[in-house]
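Naming follows writing order (A, B, C, D, E, F, G, H, I and J), and every chain is counted from residue 1.
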Amino acid sequence: MSNETNKLEIFDNPYPDRDYEIRTDCPEFTSLCPVTGQPDYGTITIIYTPDNSCIELKSLKFYIQQYRNMGIFYEALTNKILDDLVQASQPRQMKVIASFTPRGGINSIVTVEYKK
Amino acid sequence: MSNETNKLEIFDNPYPDRDYEIRTDCPEFTSLCPVTGQPDYGTITIIYTPDNSCIELKSLKFYIQQYRNMGIFYEALTNKILDDLVQASQPRQMKVIASFTPRGGINSIVTVEYKK
Amino acid sequence: MSNETNKLEIFDNPYPDRDYEIRTDCPEFTSLCPVTGQPDYGTITIIYTPDNSCIELKSLKFYIQQYRNMGIFYEALTNKILDDLVQASQPRQMKVIASFTPRGGINSIVTVEYKK
Amino acid sequence: MSNETNKLEIFDNPYPDRDYEIRTDCPEFTSLCPVTGQPDYGTITIIYTPDNSCIELKSLKFYIQQYRNMGIFYEALTNKILDDLVQASQPRQMKVIASFTPRGGINSIVTVEYKK
Amino acid sequence: MSNETNKLEIFDNPYPDRDYEIRTDCPEFTSLCPVTGQPDYGTITIIYTPDNSCIELKSLKFYIQQYRNMGIFYEALTNKILDDLVQASQPRQMKVIASFTPRGGINSIVTVEYKK
Amino acid sequence: MSNETNKLEIFDNPYPDRDYEIRTDCPEFTSLCPVTGQPDYGTITIIYTPDNSCIELKSLKFYIQQYRNMGIFYEALTNKILDDLVQASQPRQMKVIASFTPRGGINSIVTVEYKK
Amino acid sequence: MSNETNKLEIFDNPYPDRDYEIRTDCPEFTSLCPVTGQPDYGTITIIYTPDNSCIELKSLKFYIQQYRNMGIFYEALTNKILDDLVQASQPRQMKVIASFTPRGGINSIVTVEYKK
Amino acid sequence: MSNETNKLEIFDNPYPDRDYEIRTDCPEFTSLCPVTGQPDYGTITIIYTPDNSCIELKSLKFYIQQYRNMGIFYEALTNKILDDLVQASQPRQMKVIASFTPRGGINSIVTVEYKK
Amino acid sequence: MSNETNKLEIFDNPYPDRDYEIRTDCPEFTSLCPVTGQPDYGTITIIYTPDNSCIELKSLKFYIQQYRNMGIFYEALTNKILDDLVQASQPRQMKVIASFTPRGGINSIVTVEYKK
Amino acid sequence: MSNETNKLEIFDNPYPDRDYEIRTDCPEFTSLCPVTGQPDYGTITIIYTPDNSCIELKSLKFYIQQYRNMGIFYEALTNKILDDLVQASQPRQMKVIASFTPRGGINSIVTVEYKK
């Protein structure tokens, strides 16, 4: 998975002089539990203030799909998504919220934030 | 599209001495994707504090309809609506929130704000 | 409509030494559009901190009904309701929120606030 | 609009020996009012039992988009969609439900049914 | 109120050879209680199978508005609306459902049906 | 409680030639548990086809209030309400549904029906 | 668990001459998985027409609690509850619906019915 | 009603060294209108930070039931409940929210707060 | 995919003398579009009357997961799931409902039924 | 119950340099009332900022299950869960919210917070 961030495409922020917020919800996230190999399901929400670049949505869809057959823990994947998106788009600030469906009667939400 | 903002009509704020908020939801917004030509759908929410002028709702409806067959990206159109409405009505402050229906399992909300 | 505020009745605040909040929702508001004569519908919400007087609810119901066949714009009526209620009850603070049903696919909410 | 039904594509029903139901919801329908030219919005729901052919969804999407700038009444368009889909796919039975957003405080649902 | 049914306008059913259903919801109904003079509020739902005529929606809106300042009981008005609409449009069948907001903690729904 | 049914008032059915349905919801019902004396709460729904008489709603409200301080079991009170309403209004058919809030983590709904 | 049905108490149906329905929802059901020993959770809904006897709700609560530490499969427990309640109360008819919370992303509802 | 507060029972706060919040919702509140004698219904919500004492819930239930046949205005009863609960339990802070069902199409919420 | 049905495990129906219904919802279904390779998402609902065998839920979970990386159309997969489950468990009757998330603003539900 | 906290397992926070939030909802909590022995039901929500350790979810499930047959008051159990989780995972901050189902028509929510 060394090259997934270069798959994230960006485009020039059309209004870089203004602070504004872009929120994107990806309710079709799935990955694998690294211990059992069983699939996990959830919603990834990304909220950011673009600086010079905005994230291109089609490439974001493909980036999210790379987790489909990857084994990774909730806490690690949420932080990794933030790191990858920050590296690719260099936003003024960004928050990633990952909300997972119940396992064993328990459901989890991990929230990670970045500020320039 | 050089002349759409002059289509936005305004009327005198009946209570200019008081700061108050007007929120307008336009759930029937549609435009075109500039890449594929496919239609996009969403809700435009406008929240503002009028100064000397209020936005006339019928002209706002016609203004919003101008995007029906225009190709424009989410980020650009949200900022452009804010700019056009600010120019027409010169509010004390204004926020525009554009929430789009899902494409490829992903939905987006863009929020832009202006303060005098 | 010169005498409607004197129809608003008040009673002594039973606990004037304490700042507390009274919220009243009137979901059966209707008035007329001053341009077309067509009926408008909405919900009027009143939130206030009483000082020496509380607003009597039956008189509030009759006051609200006075708009039934009156032609008046959204912005004007919300501000006027605030002014009338403030004049009648002299509250420490008051907010009036008027939320109207859609016209031409657009719905509006006007929020007006008073502080002593 | 003489050639839109030939744009509807079909594919072979993979299980023609069994009666089963396919329901498709298209919540992004829009057309124009033939009197005022103003846009109408609604959801088109198609429920059918395929015979030898199923309707291909991408071509259905393009078929539905043909109404975007067409002036047509609610009752006519719902019946026309049924006729076009029946002609293209020759189903055992089909129902089309068109539900429109409010105009003048009134909303409408038209339901049309076909049985072979 | 002798002439309100002649205000209901009809137009030719574009598909008279087919039995199909038209449902119209009017959530902005209001009339007066004939005893107290106080306003009543509710939703009028009309479901019918047109024969040769469909009910024109703008005239229906004006017809419904005629009750705004009329004193009439729930049971009478629901039956009267059915009678007026049947007389005007001569449908194959029609149902009128009138659902009223609570009075004294009690709310009511009256359902009346006609079959040719 | 010998005289409560004579408190139920009726008025002439304005459309006795037509079978139609009147549904009334009373969400503010309360009575007492005959064993513990503790209050019970629930919603009483009455659905009936009037014959010559309709039930007057204000008297129904007072009738329902008679249970406020009466000790009576769920099954008995639902059947008794049906009996009292049938005796007073002689409907073509009537259904009474009593839905009670949870006690000990259990909630109950009793449904009783009468046909002439 | 040989004696739990004798813990179910009944009382005389106050209106045995009439067919009517009693519905009871027990949203606080829990038992154990017989394979893993892990707790299961769900809602037990009982709908029945009493004959000579009604089920006393406090004893039903205790009956339901007997499953708290019992290992039993979904299908077996739903059928067993029906059998026990039928044996105790001899109803004219009875339905038991058991709806369980998700395990492994899958949730189940078992519905069992008895007719005299 | 001189002795109802002594009916409120308290128990020792098991964790007095920590500021924490207890919220209790009583959705089955009922009292009488002091003018008309008609019943009022609502939900009483109590949110407090205990100091040395917590409010015992069974005694709270009985305390709330004392209002069942008492004539008292909304504003007075909300303030009185706060005073009684503060006197009985001496909390660090407490808020009482009383939300009443609609009367004459109007519903009210009264919010009262205490800080030590 | 020749051997997936032998992965479906069954167990003896504990109450084979009684017709009863088992409903299982699998909201975490995912497969691939055979044309684009893009993932599809949906909920598979299975409703059946067992004969001699019930479907073991853990093996159902693994069976459903086999579609995760399989390219297959909506209509084919719904029919195939029905065929596989019928072959494995030989039920008295079975219905499979597959509801998919929107693609291109269109969502689909396929319903297939089997009767012995 | 001296050894339950050692059953809580932790793992190394994969991103200890960043403050982020983990929220876990356990909607299947049950314990016993210490006075009556009757079961209580609720949802335990845990929100924390991990320092060096994260709480392992399977061990959390088993920890929560230890309360299944333990008699303990709402206030005590919420504080005890916070204490046990803080001792096991040493978070930067943590909040525990315990929301219980109604008893006697009253439901409660206890919220406890810890800051390092």
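What we mean here is this: contacts are C-beta pairs under 8 Å (C-beta built on N, C-alpha and C of every residue); 3 or more make two chains touch, one makes a residue touch a chain.
Worth saying up front: this structure is predicted, and the values here are computed from it rather than measured.
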| remark: Intersection of contact sets, chain B vs chain I, gives A, D
| said: As a multiple of 5 degrees, what angle does the CA superposition of chain D onto its copy chain G give? | reply: 145
| field | Reference interface B-I: repeating pair among C-D, A-J or D-E with over half of contacts shared | value | C-D
| If you tally the C-beta contacts, which comes out ahead, D-E or C-D? | D-E
| message | On a C-alpha centroid basis, what's the spacing between chain B and chain H, in Å? | response | 46
| query | Which whole number of Å gives the spacing of the CA centres of chain E and chain F? | reply | 28
| What whole-Å value do you get for the distance between chain D and chain H if each is reduced to the mean of its CA atoms? | 56
| task | Give me the residues of chain F that touch two or more other chains. | result | 27-28, 38, 41, 101-105
| message | Following the definition at the start, I'd like every touching pair of chains, please. | response | A-B, A-G, A-I, A-J, B-C, B-D, B-I, C-D, C-E, C-H, D-E, D-I, E-F, E-H, F-G, F-H, F-J, G-I, G-J, H-J
| note | Contacts from chain G onto chain I in the complex sit at residues 73-76, 78-79, 102-113
| said: Applying the document's contact rule, which stretches of chain G touch chain J when the two form their complex? | reply: 27-28, 30, 38-39, 41, 65, 68-69, 101
| request: Name, in rising order, each residue of chain I that touches chain G in their complex. | output: 13-15, 18-28, 50, 54, 57-58, 60-61
| query | For chain I, which residues are in contact with chain B within the complex? | reply | 38, 41, 101-105
